[in-house]
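In the two assemblies presented below, chain A is common to both, partnered first by chain B and then by chain C.
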Partner chain A sequence: MKFPRLKFAVPVAAGLALTFGMVDSADAQKKGGVLNFVVGSKIPSYDGHVETTFGMVHPIAPFYSLLIRVNPDNPSSPTDFVCDICEGPVPKGTDGGTKYTFKIRKGVKFHDGTPLTAQDVAATFNKIIFPPKGVASARKAFFKMVESVTAPDDQTVIFKLKFPSGSFIPALATPFNFIYAKKDLDEKGYNWHKQNINGSGPFTFVQHQPGSFVEGKKFANYHHKGQPHLDGFKAISAPKMALRLQAIRGDRAAIEFRGFPPKARDDLKKALGDKITVQESDWNCVLMFTPNQKKKPFDDARVRKALTLAVDRWGGSKYLSRIAIVKTVGGVAFPGHPLAATKEELVELDGYGPDIEKNRAEARRLLKEAGQENLKFTLNNRGVDQPYKVVGTWLIDQWKKVGLDVEQQVNPSPVFYDILRKKKDFDVSIDFNCQSVINPIADVTKFLGSAGNNYGEYDDPELEKIYDKLLKAETEPEQRKLMREYEKRALSDQAHMGITLWWYKINPHRSYVKGWKIAPSHYLNQQLDNIWLDK
Partner chain B sequence: MWQYIFKRILLMIPTLLGAAILVFFLMRLIPGDVCEIRLAGTGLYVDQEQIDLCRQQLGLNEPMIVQLWDFISGYFTFNLGTSMWTGKPITYELGLRFQLSLQVAVMATVVSILIAIPLGTISAVRQNTWLDYFVRAFSIAGIAIPSFWLGILIILGLLITTQAWFGTPWMPPIEYVSPFKDPLGNLAQLIWPAVATGYRYSAVATRMTRSALLEVMREDYIRTARAKGLVEKLIINRHALKNSLLPVITVLGIEFAFLMGGLVVTEQVFNLNGLGKLFVESVLNKDYSLTQALVMVVVTVAVFTNFLVDIAYAWLDPRIRYA
Partner chain C sequence: MVTTSEARVEARFEELSNKRPFWEVAHEFVRKQPLGSAGLAIVALMIFAAVFAPILTPYDPELNSFEHMLTPPNLEFLLGTDQFGRDLLSRIIYGARTALFVGFTAAFIGSTLGLVLGVASAFFGGKFDLIFQRIMDILMSFPLIILALAVVAIFGTGIQNVIIAITIPFIPRCARVVRSSALAIREIPYIDAARANGFSNARIIMRHMVPNVMAPYLIMITAFVGQAILLEASLSYLGLGVQEPIPAWGLMLQGGAEEYAESAPWVAIWPGVAISLAVFGFNLFGDAVRDTLDPKLRSQ
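Moving on to the complex of A and B:
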């Protein structure tokens, strides 16, 4: 069997990243200065292999290197990966795509002075992929295709796969895969990195005041010569969005890497004019609604279809994007990716047609046919304004237009997850898929009833069969064709879930911050080695 | 006096124990746990196996009675355990924030006293004059305006006015520096929340000072002092004010205990890394061990403050200690 790798050479950057007064590459890069940035989430532990939050990635990623990473000069491309501690271009698979051989750079050092070798890389990935019993590894499932990771010498790492997989290289580039020193793992144990840092990234750890800030300073022996440009950075914890915004306005911080709503961007621009630069991009996160198919009448595909037909996505995109961090109409795959549906393909799906009145008439017809014209239900939503509550409120209004009576139940995050994952007693719930590296073949598993993060309580063998073929498809046209089949089945024929709108990332920052380019995920491009300050 | 103090200390034990049991069960009434939030809350794909492993490692699968015993025995032996979110010792987490919260509480109390005692006294002495009406309006406004809202106004006001005057917007620092390291930087950050909370706090104390002083001023011994020909200033300062401060001290004590852990929103507004902010985060994260410890710290401070207030009462009024 031969599986294809993703070879999408066409970067979607141009279509995605709108920039206002963006970095002029001709600017002379200045050295020095300390970058202050605000982070809206908290650090659980420092261990990238265990954690899943950007609250850890933003302050801690600058201390570590990765084997490969998303190209920091072209981060909006979903397929442009470059070596970080490996040499040359990212290797292609050999032996029918089941063997990847990486050559490790010479002269790379950990911050404690220990040379970084292939043994460290192998030990790191063995911890991530094959953790000993009782050792947590949040992304173990990303590497189901890997058979072994070995280092035959200090400069070579070999990944042997059980089968070729297009999602292997993107999985390697996941920003959580920090390279740890083998001696730290062997001597200090697998939990040492939860509370300690010894990386080989552009910055060395100075201090962390929990709840307040993390401070790093330039690593003189960093392996990318001439970088980092900064003398250091300070990641300041600021949970309240209003304060993060004011911090940029008052120049207590220069940037926030996650993203602000449109109103915040406009306020900052109005207050500071050209002292603020705005970068925008589609975001690899999507909000959806999931009917619980264990509950009547949501076991009826007609009712589920009616829910999706009632939603005016094209109109919503226009108006909702003025107040919320959502914008792009899309299907199951990240919009703009070569595997994503074009507008012509989207309008063929239920709920995506341009004539909303026609869609809603069909929704009413289906509800009547199912005997559910006066359906009342509760929408389980997460108590977070952007974009959950905004989109939830919009959905209720949309459903009201076909005669549905929906009550929104906004729950704090712990309760929201308890309902989704344990109680499973909701009618319809807001749900989301938010990934780091764009990897549509892996990301669309969310729609499979068998997926651990699918809460729809359904089993669809037909959909599983299409996905299996998609995994094995060798060419891009074949993958596209299967992706459309998969999409039609999941969103239209069975309407297992309804996609609302894809998120839209807006990063207003102080104009003196140069070199940083927006990526389609708030997890990506966070090592800060290419940032410089034009002060 | 010593017997009185001993009795008050004994009474503190059941209060603390009751609070500990209550907080333990209240925390567990809310659905969800720290592992769900930490691993599944970001939307990234995570295996159920990882969540189960997290629960096992944090002891969430232990029987409730074992968890309760661990918590209570830990509290009474000063071993609060580790935070379920960060894995760091709770004493370390609390220690970091305690200094800041204590400083804000003390500064807010000082601001409050500086406002409340003089204004309350003036208001009582000049009863029913325009000065009295002004003070009453000022203090009612203090009660009506939430301190977090005043905080937002202060920050926005600083940003707008500094930009208008100097061309560059300025706001207070958003990261804490110790007063021993950089006193000016520390003051630049903390004076604003101290004023925002101190104003609200002073409003109640001003009204209390006024009414208590008015009551005392009508006492026989004040009339006697006046009949003896004592000057008014001396009557107020030496005889009336001291006796009218009893209820004011009670209010200040209660408010001080509240400030130690209750500045939840104000700390968020000014990004103060204090106990209030930690409290919110630990509740949102379902960090049982940290939330329980925090509640117990606040309860302990409240109980001890009450204890000190009672002692102050006994010192100010001998009838109480001999009762």
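Moving on to the complex of A and C:
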């Protein structure tokens, strides 16, 4: 069993990471100061095991530790994982890749003073992987391969797998897997963490003024010696992008961890010059459109194919990337990953061919054949400018070019989700697949009709069969081959969903913020323990 | 020998023959109401642009043309282009259609419903009037935009819902004004005469009262059109009105103002100018209509 090897890195991100790494190591890391950053979304609850939003991760992750995490000094790598509360390097699987044994650091403490032991880790992962009935666990499906989690002693945690899987370690490093104290779970219940915080992370909770800010202060007994460098942080709530931008411009905040569109980056750079540093990276988020196959004529593969054939992805990448946080043309897997399609492989898929006029002629032919030349439908979209509304407007223009008449219905997030998950009465909807740790084998479950976050209302046993083989494939070439089969079936042959463009992360921040390195996900590397202020 | 009836016909003929030509009336209107005339000119221009938009616009207002994105005003694109490379002049012209459609529809429906309800309230009086006016009080206690936002939150976005959202707050405002005029009319003897003749309530309201409160009704309509345009723009700016890619001024402002106000100010300036001019024009024209139809208000 092998993980996809670390043999790539996004050139820009890697270059920047190296540059910043060198600068940081050259400078003496200064202690003290409070990091102010802005967050563009609300905190639904403090419980990382339940929530899926950066609105929770950005202000709350600094209070918690993880078992393993992406290397904070190399977060752009999809395979560079390091221990957080475990000791030594991340263990390799034994027993044919079906057993992972972690040794827990001694002397780790929760903020209430309780020692952190292997029992806490086992209790945490049992809650995540095998939640009792009625207890939500957003990432339970990531751990389909896990048979049991046990702690034979206070320093040892053992994960037993049903079968070897390349997606196990990345799933373990998911930044939402906060380690909770067993006694809190046992005594206060599984819902206690929704409104309370007792972690072992670099910062302790001071206060949360809802709608205003979350404040944390340095945890003196943090287990990574010499860290955190900061005295504290303040996560300021700022739902409007203009407000977040102005906060950085006026130095009321030093950074925003999610990402700004290119124009905002240019404006900040123009206004502040060297006082602003920009880090950029491909983003493990992809924006898609999903036709509702329970509704006619979207049950017809020809119509779905026409929708994807009409979209000029290569042109969109060139121009749309100037105004939106999207850029890279890709298939189902994170672009650049060893399991992702190369450009030569992509152009073989419907809608990825370089000759857009030829693609659109084929789209018109298919629509005519299906008797849908004058198809009129509504695109359900989310009321968030970047990148949803921008890409939605672009998509409508693309479809108009093959004679489709599309109206856009933009809804606030709760209504948008309600339509996708409960009402299910949309024609075609904007959809997305945003993940944290790059783990294509787990990430591509989105395309399965059986997946909890799939809204296409279809059942494709053939695709499920390919995925089962992919999940159990042991070698990278085998995984790669199956991934191509899976991709062709999902995007081309059946066109269950249409990928638009992968997101592109742009983080302009005050140059005095040091130590933080951009990751390919806005969920990653948010514990803030390695950040320091060069003031 | 001239009979009485012949004398009447002659007098009528004389009266008609003395009627001044249209241009003379128009000239006097311009002389007496210079600001109102300017408002009328703006409104007329807007209507002209909306009606002849397909002829006047140089480009398809919804067509993305990324190679021309954020082009400053020049000879090819007189008002420049937006972030999707769409011609702003074409979008402004087509935006007049959205503004006028929403403005006139909401103002007309809101005022008409207000007219009927206001007259009915005055005519029936008693408990009906008391309860109805309290309902109107409740509705009027909300600022226009708040009530419109609440309606959009209930019904959702889209052009029809925006019209409903704008129409509802107009109803009590018109009903209240019309009721005060209708109360005076109710006391005039011909209403008693109509009752004595056994006419139905509906007939008395529609044929004898409504025509006599047309002046405040028309004044309200003209005042409401400007407000409706502003409300539509506000809702669209907040992302709750009409949706992309439909050309609408508030939506254009929303798409451009936040991100491009500094680097491409024309994206935000032109729709802002269009909204201001339209509201200004309708308000000036509305004032002039009010002064012409109801000189008492002018003196007040």
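Assume the second predicted complex is superposed on the first by the 510 of 535 C-alpha atoms of A that agree within 3 Å, B and C clash if a C-alpha of one lies under 4 Å from a C-alpha of the other, contacts with A are read in each partner's own complex, and residues count from 1 in each chain.
Everything below uses one rule, namely that a contact is a pair of C-beta atoms (placed from the backbone, for glycine too) under 8 Å apart; a residue touches a chain by one contact, two chains touch by 3 or more.
Everything numeric here is computed off the predicted structure, so don't read it as measured data.
Asker: Assess the superposed three-chain arrangement around chain A: do chain B and chain C clash, or do they fit?
Answerer: These partners fit in the superposed model.
Asker: For A:D112, is the partner it touches chain B (first), chain C (second), both, or none of the two (neither)?
Answerer: neither
Asker: So, A:I43: does it touch chain B (first), chain C (second), both, or neither?
Answerer: First partner only.
Asker: Taking the superposition on A as described, I'd like to know which of chain B and chain C A:E51 touches: first, second, both or neither.
Answerer: first
Asker: Looking at chain A, does chain C or chain B touch more of its residues?
Answerer: Partner touching more chain A residues in the overlay: B.
Asker: Under the stated touch criterion, which partner chain does A:E369 make contact with: chain B (first), chain C (second), both, or neither?
Answerer: Touch status of A:E369: no partner.
Asker: When the two structures are overlaid on chain A, which partner does A:V415 contact: first (chain B), second (chain C), both, or neither?
Answerer: both
Asker: Of the partners chain B and chain C, which touch A:A242 in the superposed model: first, second, both, neither?
Answerer: A:A242: touches chain B and chain C.
Asker: Once the shared chain is lined up, is A:W394 touching chain B (first), chain C (second), both, or neither of them?
Answerer: second
Asker: Give one of first, second, both or neither to describe whether A:E464 is in contact with chain B, with chain C, with both, or with none.
Answerer: A:E464 sits against neither chain B nor chain C.
Asker: With the two complexes superposed on chain A, say which partner A:D153 touches: chain B (first), chain C (second), both, or neither.
Answerer: In the superposition, A:D153 contacts neither chain B nor chain C.
Asker: Between chain B and chain C, what minimal C-alpha to C-alpha distance in angstrom results from the superposition?
Answerer: Shortest inter-chain C-alpha distance (chain B to chain C): 5 Å.
Asker: Considering each complex separately, which residues of chain A are in contact with chain B in the first and with chain C in the second?
Answerer: 240, 242, 415.
Asker: For the complex, which residues does chain C have touching chain A?
Answerer: Touching chain A: residues 62-64, 66-67, 69, 83-85, 156-158, 239, 243-245, 258-260, 262-263 of chain C.
Asker: So in the complex, the part of chain A that touches chain B is made up of which residues?
Answerer: Residues of chain A touching chain B: 38, 42-45, 51-54, 134, 136-138, 140-142, 194-195, 209-213, 234, 236-240, 242-243, 246-247, 249-253, 271-272, 285, 412-419, 421-423, 432-436, 445-446, 451-453.
Asker: Mind listing the chain A positions that touch chain C in their complex?
Answerer: On the chain A side, the touching residues are 240-242, 261, 263-264, 266-267, 315, 318-320, 322-323, 383, 385, 389-390, 392-394, 396-397, 400, 407-411, 415.
Asker: Under the definition above, what is the set of chain B residues touching chain A in their complex?
Answerer: 30-33, 36-48, 50, 53-54, 57, 85-88, 92-93, 96-97, 152, 155-156, 158-159, 163, 168-171, 173-176, 268-271, 273, 277-278, 280-281, 284-286
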